[in-house]
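As written, the chain order gives the labels A, B and C, with residue 1 at the start of each chain.
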Amino acid sequence: MLGAYLPILLLVVIAICFGLGAMVFSALVGPKKPSALKLAPYECGCEPVGSARERFSVKFYLIAMMFILFDIEAVFMYPWSILFKKLGMFGLVEMGVFIAILLVGYIYVWKKGALEWE
Amino acid sequence: MPAEMLLTVLIFLPLAGCLLLVPVWNRPHLSRPLALGVAFLELALAGWLYAAAPPAAPGGTPLPGFFLWADHPWIGRFGIRYTLGLDGLSLAMVLLTAFITAVAMVVSWRAITERVTLHYFLILFMETGIMGVFLSLDLFLFYLFWEVMLIPMFLLIGIWGHGRRIYSAVKFFLYTLAGSLLMLLAIIGLYLIHGAASGVDTFALPALVHTPIAPATALWLFAAFLLAFAIKVPVFPLHTWLPDAHTDAPTAGSVILAALLLKTGAYGLIRIGIPVFPEAARTLTPLLYALGVIGIVYGSWVAFAQTDMKRLVAYSSVGHMGFVVLGIAAWTPVSVSGSVIQMVNHGITTGALFALVGILDERAHTREIAAFGGLWGQVPLYAFFFFLFSLASLGLPGLNNFVGEFLVLTGVFRASPTAACLAFTGIVVTLVYMLRLMQEVLFVTERSPMPLADLTPREGAVLAVLALVAITLGVYPAPLLDLVREPVALLTAATGGTP
Amino acid sequence: METFAIPAINVAAIMPETILSVIAMALLLLNVFVKSEQKAYLGYLSLIGIVVTFVSVVTGWNAPASMQTAFNGSVLQDNFALFFKGIFLVSSFLTILITDQYLQREECNHGEIYPLILLATAGMMLMASGTDLMTIFLGLEVLSVSLYVLAGFNRENLKSNEAGLKYFLLGAFSTGFLLYGMALTYGATGSTKIAAIATFIAQNGYVTGNPMLVVGMLLMGVGFSFKVAAAPFHMWTPDVYEGAPTPITAFMSAGPKAAGFAGFLRVFLFAVPALKADWSALLWILAVLTMSVGNIIALSQDNIKRMLAYSSIAHAGYALVGFAAGNAEGTAGILFYMLTYAFMNIGAFAIIVLVGKKGEANSNVSDYAGFASKHPVLAVVMAIFLFSLAGMPPTAGFIGKFYLFSAAIKSGYVWLAIIGVLNSAVSVYYYLRVMVFMYMKAPEEEFDWLKVTPPIVVSILLSLAGVLIPGVIPGYLLSLAQRAISM
């Protein structure tokens, strides 16, 4: 019974090997010219040291929120696509309604200019 | 017009008059006579009802003693009906209401200069409420009119009053409302008990009279009714709103308050309180006696100490209404008739006294007794009426108040000689302070006289009519007595006589 | 290939919600294409949408049982739900009528307010017809999220911002309670369906060995108490009501409060009637606290919106009296009361919108000094609404209170009724205070900025009709409420 999980185990092992391999390989063959900037920990492009009370542009939040919205949409479509044949016409219509609602939101934010960076 | 419509017209004619005032809102020279016309029409209708009564054949109404009857379903869900009935007792009160309303309008003819139409609008609106209270035989309907009376009086005192008018208006409103809300609960309780006992949901007074109630419950329910009515009458510890409201109210407000609103409390006690809860009333009879006697004695003593004329008359009201309570407490045909007569007479006498004080206030802008003196020589016509109504108020035989007080005391004497004797002391004090008032205001000549004008023809006419009524009722009270005899006999007999 | 068991979808049962949501989305789209000065048309369109929805609500009345239920029994559009839907539609209709003028005055003319109100209404409707804890929760969230935005809609105004944020934080907090309660109830009974929970309790009893259910019920009670603003869970109300845009305050005090009661009643009356003896006692305390706290604190308020906020707490308390009574009269009384309360309260707020100035200025009780001599008609109308709120006959407020208190007496809660009427007497004082200022003080202002526009007039006239007609001839509405709860 546990045999059924063998592919997953294999996937995990390969994933770990791939990650480790990349690190080890680059450490072995890559050129090393360290500088202060290069050695600093990397975090999303922000200054790692400084005041925590920093202000971000509201645009970041807008983008993040919209990302989550459309991300969820995509997630919902996975199980739907697997069951698509069983759901039949009903499933198609339902997904059509779902996409239509999201589309309304999309057009709204677009026209409101939330997608413009400037 | 079918006869039963008459009662509806009687109640809603003033309200229709209110609507007539709307188009002439900003033209007081039109709205004033219009309002007065409506009031006179109402008076004529009431008078015609009296002259034509009883228009219904015996047995023409479901209850004995009633001349007119109207009954329609209203809110079926609760068994609430639109039931009106007119018997001698109601008719006496209806006549008084129509009369005093017209008087109050004439008295305030010149005194009100701002927002004139609103003033008359409110008086007419209030007349509808008062008429409704005196004619309703469905407790829900009764309560509705009972509350409707409050709002116009609140506005009358608050807008056109003097001194601490807002304080007095709010105090009046809250006092009476608190009492009546508890009465509402008692009404609901009574309704539920009756519904459970008989299976019929109804607020109709004739049915509720026969509700079997456990004595303890009845006592609580009666206490709630008594509280609401006692605040309105007002009875001794609950009277404190009255001097303030009277003193600060405009003349028309004082007249209506004293002559009509106080009567609704006593009327409620006679019509509803005791007939529905005879046993509980019997248990509380000593309390009622005590409240009546305290009202008479306390009211008179405190009136004695007043320096403001209006306040003095207000406290004399507490005393006079004490007689009404006393008569109700004894609950014999004679004493209750006395109470009803006293209600009518107090309305006329005290209404007139308030009008007189108002007239003086309009001219001198003060009501301090000490500010006046020697009016007898200065304004003889005014002084004559002042003299006459003061005598009436102290109960001089031959004038109206004597009849009621005499009947009440006669009735009470049999039931409780102690109470009657104590009430006599109150009469003596009344005599003293009224004589002092007349003495100070009319006859003391040492004070520097104010330049005062005597009565205008309008004022003279209205006082003359009041005086005529006062003298007629004093000399020949038989018509009034005949009117109330039957209903009072029926009411007292239904509860098994003396409680 | 095996066929997937798709539950029967009965669109008729969710027709009102569907119509309203579609219209809301259409308006949202339209909003970005119309110019700023044309935003009022969105309001008119949303009014049409509400009317259409109302027609579908009316046609659903007394529908056969098979037409009422949908989604495997998670939605039940019975008469109870339909009555509440009527209340919600009335509140949003009256609110939208007074919205445009407010937005013009505050110069914050964003058309999103209309779709948001419609979506909030759709959420409330879902709450009323939810027979599954999840459906109720879903409706509640749709409602709440829209309201958080609406409360902070006047974004140039600091107080509105405060209101939005406070409402969001405390609303989320209370939602947590509610959801936790639902989770525990599910854990204890094995179902989120109200009918299944009721069956479980009827079969197994509840206290012995099942404290989880009791705690779950309690937490749900707390959650709903937050939503209807019952003391001691009322703390958010004054700040939110004061800060939110005036039309939205009117809306919040009428619609969502009724929605809270719809959910409350659905869960407690239909899921756990067996526990009535226990929760009735709790509701007794809740009702007394709510009435007393609301009325006593309202006495000392100077801002009229804040005063009406506390008064709305008190009114929730009166409704809880009917709930505590636990009989048919009490429940029908709540329905009747919530409907008439929507009329009288939104009516009063319409006047407040008229009297107010930009930046929510002029909203103190003392700013109404002499209002009656400058605008006698509006003052009379305001007086009628205030007297109805105070429960004076012949207004709908009186009939409503009469109904609730007689239900309490009938159930034997005489003291509750006595406390109720004493509270009524206290409340009269602060309503009278407005009257005193309107009628008995000399005017300090000319009130010349006051602009009476046709939509507000319509709103006021409708409210007036809703206060006076049921006040004089309540028979029809009473029997509707009665039929709404007999299932």
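Everything that follows uses one rule, which is that contacts are C-beta pairs under 8 Å (C-beta built on N, C-alpha and C of every residue); 3 or more make two chains touch, one makes a residue touch a chain.
The model shown is predicted, which means the values in this text are computed figures rather than measured ones.
Under the stated contact rule, the graph of chain-to-chain touches is a line, running from one end chain to the other without closing. Nearest to the global CA centroid, when each chain is reduced to the mean of its CA atoms, is chain C. For the pair subunit A and subunit B, the distance between mean C-alpha positions equals 84 Å.
The centroid of the Cα atoms in subunit A and the matching centroid in subunit C are 41 Å apart. Work out the mean CA point of subunit B and of subunit C, and you get 43 Å between them.
Taken in their complex, subunit A has these residues touching subunit C: 83, 85-88, 90, 101, 104, 107-108, 111-112.
Of all the residues in subunit C, the ones that touch subunit A in their complex are 1-4, 6, 25, 28-29, 31-33. By the touch criterion stated above, subunit C contacts subunit B in their complex at residues 373, 376, 387, 392-394, 398, 402, 405-406, 409-410, 414, 417-418, 421-422, 424-425, 428-429, 432, 435-436, 439-440, 473-475, 478-479, 482. Of all residues in subunit B, only 25, 74-78, 115, 118, 143-144, 147-148, 150-151, 154-155, 158-159, 165-166, 169-170, 173-174, 177-178, 181-182, 184-185, 188-189, 191-192 touch subunit C in the complex they form.
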